[in-house]
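Contents: one structure, followed by commentary.
Lettered A, B, C, D, E and F in written order, each chain numbered from 1.
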Amino acid sequence: MTQAAVHPPQSAVDAAVDLALAEDLLPLGDLSAALVDPLVIASLVIRSREDGVLAGRRCAEAAFARASAALEVHFHLDDGDAVSADTVVATIRGPLAAILPVERTALNFLSHLSGIARSTAKYVAAARKVNESTRILDTRKTLPGLRALQKAAVRAGGGTNHRANLSDAVMLKDNHLGALSITAAVTEAKHRWPGRMVEVECDRLEQAIEAVDAGATAVLLDNMDVKAVTEAVKAIRQRPWGSSVLIEVSGRVSLERVGEYAKAGVDLISVGALTHSVRVHDFGLDFEIDGANARPVGD
Amino acid sequence: MTQAAVHPPQSAVDAAVDLALAEDLLPLGDLSAALVDPLVIASLVIRSREDGVLAGRRCAEAAFARASAALEVHFHLDDGDAVSADTVVATIRGPLAAILPVERTALNFLSHLSGIARSTAKYVAAARKVNESTRILDTRKTLPGLRALQKAAVRAGGGTNHRANLSDAVMLKDNHLGALSITAAVTEAKHRWPGRMVEVECDRLEQAIEAVDAGATAVLLDNMDVKAVTEAVKAIRQRPWGSSVLIEVSGRVSLERVGEYAKAGVDLISVGALTHSVRVHDFGLDFEIDGANARPVGD
Amino acid sequence: MTQAAVHPPQSAVDAAVDLALAEDLLPLGDLSAALVDPLVIASLVIRSREDGVLAGRRCAEAAFARASAALEVHFHLDDGDAVSADTVVATIRGPLAAILPVERTALNFLSHLSGIARSTAKYVAAARKVNESTRILDTRKTLPGLRALQKAAVRAGGGTNHRANLSDAVMLKDNHLGALSITAAVTEAKHRWPGRMVEVECDRLEQAIEAVDAGATAVLLDNMDVKAVTEAVKAIRQRPWGSSVLIEVSGRVSLERVGEYAKAGVDLISVGALTHSVRVHDFGLDFEIDGANARPVGD
Amino acid sequence: MTQAAVHPPQSAVDAAVDLALAEDLLPLGDLSAALVDPLVIASLVIRSREDGVLAGRRCAEAAFARASAALEVHFHLDDGDAVSADTVVATIRGPLAAILPVERTALNFLSHLSGIARSTAKYVAAARKVNESTRILDTRKTLPGLRALQKAAVRAGGGTNHRANLSDAVMLKDNHLGALSITAAVTEAKHRWPGRMVEVECDRLEQAIEAVDAGATAVLLDNMDVKAVTEAVKAIRQRPWGSSVLIEVSGRVSLERVGEYAKAGVDLISVGALTHSVRVHDFGLDFEIDGANARPVGD
Amino acid sequence: MTQAAVHPPQSAVDAAVDLALAEDLLPLGDLSAALVDPLVIASLVIRSREDGVLAGRRCAEAAFARASAALEVHFHLDDGDAVSADTVVATIRGPLAAILPVERTALNFLSHLSGIARSTAKYVAAARKVNESTRILDTRKTLPGLRALQKAAVRAGGGTNHRANLSDAVMLKDNHLGALSITAAVTEAKHRWPGRMVEVECDRLEQAIEAVDAGATAVLLDNMDVKAVTEAVKAIRQRPWGSSVLIEVSGRVSLERVGEYAKAGVDLISVGALTHSVRVHDFGLDFEIDGANARPVGD
Amino acid sequence: MTQAAVHPPQSAVDAAVDLALAEDLLPLGDLSAALVDPLVIASLVIRSREDGVLAGRRCAEAAFARASAALEVHFHLDDGDAVSADTVVATIRGPLAAILPVERTALNFLSHLSGIARSTAKYVAAARKVNESTRILDTRKTLPGLRALQKAAVRAGGGTNHRANLSDAVMLKDNHLGALSITAAVTEAKHRWPGRMVEVECDRLEQAIEAVDAGATAVLLDNMDVKAVTEAVKAIRQRPWGSSVLIEVSGRVSLERVGEYAKAGVDLISVGALTHSVRVHDFGLDFEIDGANARPVGD
């Protein structure tokens, strides 16, 4: 996996960081940092306090870069790298009065996005232990305005991106079909959008069989139990296109049960919680003031 | 509490909804909804699937309003109202092809913000059971770009907003003080920013006493155990200004232990997890197509 | 084809119209229209002056809507509808002083986007005459900032959208492959981006065969002459996956030769000129001032 | 002509490039380039494939600059310089994985804007051959959002900018005049907007004479044939202000007939097609991978 | 003068009002208004407290419109109308809790822009008393981001807009000329920018004469005393083009001396202070709560 | 006072400068500067022409930085520094053609913001002469879009910022109170917004006494004469909390009378005119062209 693959587009980084700094600093700036002697130089060490995977480096770098050209910012790890308790992630050195106004913003990005990466990595490991070819997918259940960053964090955690938005793939549900049969709908969708993924959400095996035979790229087995999924996988693989169709399961698959679904032979397991219910990754900040002793700082 | 008090500023709502819809629909629009017969009329019922508190109504309304002027949108509850499993929160009626492109965006807002409100309400209840006057505070550990919405959701849950950003209050930590004593720093901060909150983060009781005597508005007892906090509260209340100073505790106070801190007599307990580690509130969507039977829909 | 399918997302419409009106009216407004008696009421008829296909209606409507709530705007046709010389496309009625500042902007959208639709329709007709299943594709050779609108206009003309951007499909060229073989690259791309189109640009038949065998969704035969394409199609169709792989040709296919390529049995013909070299569709504006005679107006 | 005169304002360049890159790269980035080994270094040569005039350099530079600080970008020519088949316009060197995500965007700007410059230069040459003092003007028939860039490209081609928007000059048409006579309207316009161009669009000679006598800065002879224009020029030049008034013709003046109008002695010939119906200038891209042979690349 | 002539472009109004409301309400909204009973209905009367001219109506209307659709907003006067002490300008009625968050923003626009209109009207009256044809001009010395609004306010006060920006007219100063003579520079400028104003800033009469003879549209007599200006006007008017050239004076012309310059026969007097040094117009707000007595409110 | 304390947040600077340059340069750029030989190098000296205090340095620097990387920009003073007639504030050296398009924008910022600083400094000096502890406050009567910059300029002048917006403090007026007593309203406000300033606007002494006893952070004595204020201060100071409550006066306090109010012992005097009615600070620009003599330049 190249580094480009785990970073979000820079324009998404810049937009999010600008927004975050504006909401923390406007209109009067950092009242407290303005009390600090501008000549005081400090080093800030960002340290992981738990096991996980780094994500959000570009956002943190952008936040420090906007603070002052006088800051030296060194990240010792990149997105996708494993961290554990006490791993030093980054060191920032420069005027304390320039670091203070942006450190919380930088940390908010790092801890949220690394939280996604850590959680994704756990799902990926759980699936892979059982079935090397099963991949963990994210969903469109992302936090408003943060989709590009959250989807990059999923990649950093070893996960795989499902469709990014309503514009890049076709997903057919009962409501979409209306009077059309699955066969007719898949045919129409493939005609209009040649080459794009056409996936059909299925509650029952017969629907999945019809979708596969109609040439769907993928079928989504929604809210089926492991037994039903296992049978469906077998039945689907026996169809003429069955070996190439992608089989996805979704529906609150917990970390505990992800292995069971992987064992059933599905290609893809999508997990909304990766992005909609994120526990932060815990990072600590240690400031060392020149000529003073180190001490930890929180908010 | 008036309704105005639990809603975010409309400009924050509009900006977030525009961003969220753009990231879900650009550049080609909803490929799947474009397959739907534009004459099909549907009703969408949004239903809570668990106990909690509603938040995010204005965002959901804005998303549906942008979809089509032809949609009738009725919210049966407002932000701050309690919901339980099966409570119908809202009903939307109009062309199915207009509802589908925005329902996920509307739900992403509702479920994240109601998740914050639910969690806040639990902390508030736990504190109040023990001490009527202890309030639960949020922090600046918010998700980038979502601070105004998240802080409004905290209010919807009965919580109280700490400073909104670095610009509206002074918070003094060791790093800020440098060569200055707490007394000198508080005096300077009060002089520069008359009337604004000047809070001092303290690791030890002596610091807190000095801050109170210097006229700090509030002291933050950081990462102290319940016993130390109990003693500190007693000592502080005996100072000349001790009855009016606000005493805050912070440092990963869990829901289980919030009562103990409240019992210690603190005024404020700040909880970063309210906004940095949010589990979504679970809502279900039921579509009823005119002339067809209702069925649940997910993504 | 539903109407939703031929319109661009509304947020793309709004952004483009706001930009266009700002660049025509800031900072002093319409100096000339300010000379017009505000009580004069006029009707403006937009009339096609040539054969073609309408596109851009939503943009024109948005421009008039921003001018004044007092304007009555009626479009008699929608995007995708055929027009010919003298077809009345729309009628706008209201204060002349409100119509004048936006009519050029509305027309700039209509004439550019309908130009795309007209040209697309010609290619589509030429291909379809020979081969019902060959589709005409656009490319990423679009005008900066106008991609969503241009791609919708291609759909209005009966064309088909290729990938919308670098983010929604994989296109492998020699440069991307580097040390990897086509087989290895296609395998890796399909693994990382399950379900998404993976297309391989090929200069020679052997490459195309390798790509098809590796499971590529599509092969792009670039700059091959009709004879070479005809042979390639035959060879590809005989491979195990040959019936389902999409075969695309590109490379300055002229309107005159599009039939020959369609006859060769390709699925897709992509034409950069549809969006990069657009001749406007010619519309005329007839103003009729209340109590005065109609007369044509240009700029 | 100074270089400043042929470049658009930098804020217009930045806004357009940001928009173009966002629409090509959001939300997931360049899926294909992410497969490329980040250590591969390449040189990209941009070469003209036809005769013409360069425009758009600043946009292309901005696109490459946003890609990576590691790219070395050298333009060998500037806007306004002549190019012919095989002229090397620019050389870019750096990580291939950084060049690929922006090369199409850079080229979209260069080819559209140089297309305008080439076409303008042809009109200018055709007019100048006959009449040194006749200038070729653009119009407000520009593509939405691209006016500043398109008008700069016209200047690069040796053309002259007409009014930039409705806010910087007065253009009186029949509709504007209403009950006012031409004389009264010109007088009023000159009074309100002292020093600004006041031009009157005329269908008949009498109108032009009245406009000139009233003190109009310019008269626009709209859709008159060459004979009528020749006579009008003679008649106008004999008026007291006739030598200083600007005489413009418009109305689909083709490249073939531009000389005839120039010969008639008009000062200005405005041509909407310069910006509304642009054929791209053809540029080729040659990639040379370090340690590999050069080969051409398209899209 | 039509109403359109005194209003700024709506996009300038909307942008400024959005900015102003965001800076007053983000992130937590109006803390104080949230205490108000949402059922209380109030009427707000905006009353002038001094003589002057109204400007800024569209901005105030936009502010109230964004507050709530439930507000009834009636302006009894429009921009350009005279007001005096006790003139009722507008009445707003609706929920008090909706009025309070925007009334200061609305008033900030009205009082600043009406301040410009009042001051402009005084200069215009002083000049007109002496010389009907002398007009008062604004300059580019405007407040950042407010140019379109400030220039519209100058029009509301009866003043005349000079060039709006560096892009719509040519102004030649010594620095621009460099090695070129005035004659050469004017000739070049007129050639490049046919029809646009070409003005030459002159310190000495000889320069002005050369500029007029070269065909400048206007000459700016900068920082000359009344006597020198009087002589210059005489000398210029005797030149062949002297009757049509515009003669402008500038250089801190006070209200007291504006009549003397008008008497000297100049066409235009530009006054930077109109927009750079504005004293607000004084408006009062009277709230009448339903069922309560009226009382004045300030901030 | 640290430098950070007198500068606005950089994002406010950038946004304002981008807006200001766009409104001065779009769409065609600086027509006049484009006539200047690009090889001419010039030095521009910005010199104060009157006594006062510098503010706006960061805005001016940002404007020059956007003009060209080739400019060397040296400010010899920082915001908050005293200037007098002939003080050289800054020197800019580089291509004249790059300086000219931005010098007016830079100066517009400097002269407006330094005007605020100068005026503030006069009020501060007048108060301080009489009472060391009385501070001069700004208000929310700021110019739309410029609040962050104007409030920073007040700090540069030695003034003190009142609440920045409706979101960061509570101000109770009669209208807010409605049926609530002052005591009830203050209690509620303090409960909801712990630690934030709760100020009560009072017309009569009894109100002020009630507010102080209820625990208000501050009382605003509005439009009271000096005698009434003097008595009120005495009465308030005798209350239990009277020594710590902040006493503010407002209501068109002139520079002449500010000393009298300070003598009365108030803590804070707020002056709307500091930001709503600003007279610019007068700066002069001297250009020195390489190889030519210096001469002053205006607009």
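Here is the rule we use: a contact is a pair of C-beta atoms (placed from the backbone, for glycine too) under 8 Å apart; a residue touches a chain by one contact, two chains touch by 3 or more.
Just so it is clear, the structure is predicted and the values come from calculations on it, not from any experiment.
Graph distance from chain C to chain D, where chains that touch are one step apart, equals 1.
The pair E-F is the one among E-F, A-F or A-D whose contacts match those of C-D for more than half of the residue pairs. Chain centres were defined as the mean of their Cα atoms; on that basis the chain farthest from chain B turns out to be D. Of all chains, the one whose CA centroid is most distant from that of chain A is E. Comparing the contact residues of chain A and chain D by number shows a mostly separate set, under half of all numbers used being common to the two copies. Put simply, the C-alpha centre of chain A and that of chain C have 33 angstrom between them. Put simply, the C-alpha centre of chain B and that of chain C have 44 angstrom between them. Chain E has residues 5, 9, 23, 25-30, 33, 35-37, 147-148, 161, 164-165, 167-169, 192-193, 196 in contact with two or more other chains.
Contact residues on chain A toward chain D in their complex (touch as defined above): 2-5, 7-12, 147-148, 151-152, 161, 164-165.
Residues 16-17, 19-20, 23-33, 35-37, 40, 42, 59, 96, 100-101, 104-105, 108-109, 111-112, 115, 139-148, 165-176, 178-180, 185, 188-189, 192-193, 196, 222-223, 250-251, 272-273, 276-280, 287, 289, 295, 297-299 of chain D are the ones that touch chain C when the two sit in their complex. Taken together, the chain E residues at the contact with chain D in this complex read 5, 9, 135, 137, 160-161, 164, 167-169, 191-197, 199, 215, 217-218, 241, 244, 246, 267-268. Across the interface of their complex, chain C is touched by residues 18, 21-22, 25-30, 33-38, 66, 97 of chain B.
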